[in-house]
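One structure below.
Note that the chains take the letters A, B, C and D in the order they are written out, and that residue 1 is the start of every chain.
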């Protein structure tokens, strides 16, 4: 008991620095991490440009090592700081943090060998580091709530879009045929999605009068049904906005309370909350 | 009378399995059917890919026979289970179910002969099996109601889009002429719809300065008037959402009551309803 | 006075047939006119297809004469039927009706001579006959009101779109230059409108990294600001829908009262209205 | 004191002419300026068309000098007319007004030398004169307020779009590779933004089945999430429209009060306001 207290307070301090942003050290930790994330993404993108990679290969390699070490330290610190490390490790952010560190280590295995595809896939993995940014987006509760509330309706809508695409895609395959680029039903369905969503690449276009007529119909349909998800989400927002129309002061759109439960790491606590809304643990007791 | 009772209860059980999903057998029936539908669509799509069809032709042929037999059994069972078979046969789902079974049988007639176009059209027919899925979408009453309520306004809107397309299409035909690909008024109108709906394939594009000026105007018009159907549907949804703003618990967005009237097969009954809202028949009397 | 009465009632009857649709003759008149308008538009479109025109030139010529005569009779009858012919002649529909008749007559002047451009322009004029259909759209008061109410805001929005297009168009002209197809500022502004409205033809596309970066920004801007007109119109509709939320029976979305004032030809009277809302004239007094 | 009064009233008159539009002279000043702005933009655009510039180079040069002199006079008058010239000079409009005058003067320096790129950049600068028009747009308070109120949410949304684009762009780079035009991750991300925003140029398109499948997913995602900013802005407008639903007369959508504070030049005062809402200075005291 005697021994544990200093350790406890050390752990509590660490937890505060890593999971919260209301101390100078905590803010510094966040800023360093943000820079590392953004730099990492920029380097991954630059590395994919052949002419750039050829000239600055060594610089990119060293930078990648530094970033990997930063993320490794962050990952270890996060595991130490939380009370239930396994809960963190298998959480969404735990997996993202882990995946952010390993690519460079694994790449050591392939040194000498020339497994290009595996290396390319590893490079891809590094891009998922951008998901670390999601932690700082936390906010936007209202946005997430609106989307969550209208999700079943949007899914039904997207499913309907899919059925329409398959039927009209098959129809276009029959009408236009392979000469116009509608080489198979999957390709036709792809074209139909391109058209219905009003993207319209133009890599495949109908050339027969009847095909153009059906295409016109699909386009007007797509132009009209885009109103459906918009209407759903609009109504949901209007609904959520209701509370604000009754003189109640508007809550900040972006929630900046970065406090986090020392027990379960739940975030988005109310300001001045004393106990975790999720597990009931005291927010100030880092034991 | 003595003879009929066991038959009645047998029919009632069958009706329950086929038309409802609240018994284990009923759920199994639905799952088998869902797999058959989705597999069928995937096979139709794969068959259209020449390289795939060349290699796995026999497999696809056998799979199609199995699926056809499954749908045939389903069709016969549905006819037996309902009290008024003719009502089912000539209903939307009755026709879809029938069309789902025949293509393979008809294809037997063409064996030996080489009526390719007819065979392609038959292949097309099979894709309509996807409409069988609509039965499981049943839900989304609110979505359907909103669209139904705003339909006349959306039709007026689409009609206006059509008039605008014809006038500007003709104008572009006059201004750009055949050199730029505006070979006839129908093609010009097709281009105008492509542009107004913001699809923009790029297969035909204006090249003269005046043509580009008119095109810019059409695009900004299209960009502006997309607000109209969206506004209509949004307002309709806000309207339908009103009932929910008064503390009344929100009804589930997707209605999962799969009960169906043994007399008229009407669906979407209220939970615990005792009589069909459509024909007044007792929902538990399968006589 | 003795002489005038039969004439008066004859005129009243004619007015009823032409301007209203609540008598069998009136409905017949409307149906014939609708068929003539739609047939006329179809013939104009078919005439522009060279291969079709070459084969059926005589048929199209005769059909055009018949339609021209029908519209001429309609035009004369309308002038006779209204009390103030000049008001009709210089009204929107009066001009449309006049322009629907003259092209074929003027074409007689050019017989023998070969003024192709003039003839093409005349062909164009005939397409405006489609505006005659607007008379039957009459309805959609709510739609028109919403648009009218939000017009100033939409104009400000479109003007902002235009300023953005000019500035970014010039920027792209500087960045991409003529090599990528941005040959002049007007062309660049045209490209910018194509991109901002999410049409995206692809006839001109940025190829330099910086150009693609600016293009990405323009696209995300366009994707975001489409919300503005939609929001404006949605709010306007929600506003207009308010009256319907208070248990008041919903008025029909499409107003089918085709009664028309015998004095000033104003339309959209309330059902059972006795006096014109516009000029106060009795709706049943055709004197 | 004796000397200052006539000067004061002279300055007050000048202020009135330049900053307000409620006197004949003020209106004349505005009209001349509007013509100069629009003419200037048109000339810059025409100058970029090589064939036009070659033929009318001298005319464009003289026109540019006249416009530059008009804007120079305007700039000097504005400095004289306000009480705190430095505040004006470093304000948004002060900088725009300054940048509108200098390009032609600087171009004198480059005469003889052939610094084409600098000259092109100067030509670009002139286009920003269009921002002078923003002064006359002043209006649209409601539009600006709605956008301002929903800005944090829209930024979160745009940020999410950016994260999605980077992840899917990298995925497409891995799947499609350089053969299909996905030459690097930045190019892939550019393509992903083109697709997600439903622009769809078609300069780069997926060709592998799996690439087309991912592309379909991105398109449907883009088609669905366009609802989010629209919903946000719609809800904001509905909110702002609330005040209008309670019988209160609707304020004019475009605010035409062009009065401007003689002290701090703040605009958009209420009609009949006597004191500046910004600095409290009397609106009629030009001392």
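Note that in this section a contact is a pair of C-beta atoms (placed from the backbone, for glycine too) under 8 Å apart; a residue touches a chain by one contact, two chains touch by 3 or more.
Please read all numbers here as calculations on a predicted model, not as lab measurements.
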item: Chain B against chain A, contact positions shared by both copies (same if over half, else different); value: different
item: Relative to chain B, chain with the most remote C-alpha centre; value: D
item: From the options A-C, B-D or A-B, the pair that copies A-D, where over half of the contact pairs coincide; value: A-B
item: Computed distance of Cα centres, chain D from chain B, in Å; value: 46
item: For chain C paired with chain D, centre-to-centre distance based on mean C-alpha positions, whole Å; value: 33
item: For chain C, residues that touch 2 or more chains besides their own; value: 157, 186, 189, 198-202, 226, 230, 232, 234, 236, 238
item: For the chain B and chain D complex, residues of the former touching the latter; value: 198-202, 230, 234, 238
item: List of chain B residues in touch with chain C within their complex; value: 152-153, 156-157, 159-160, 163, 166-167, 170-171, 173-174, 183-186, 188-189, 195, 198-202, 205, 209, 212-213, 215-216, 219-220, 222-224, 226-228, 230-232, 234-236, 238-239, 242
item: Residues of chain A defined as touching chain D within the complex; value: 41, 44-45, 48-50, 120-121, 124, 127-128, 130-131, 133-134, 137, 139-140, 142-143, 146-147, 154, 157-158, 161-162, 186-187, 189-190, 193-194, 196-203, 226, 229-230, 232-234, 236-238, 240-241, 244-245, 253-254
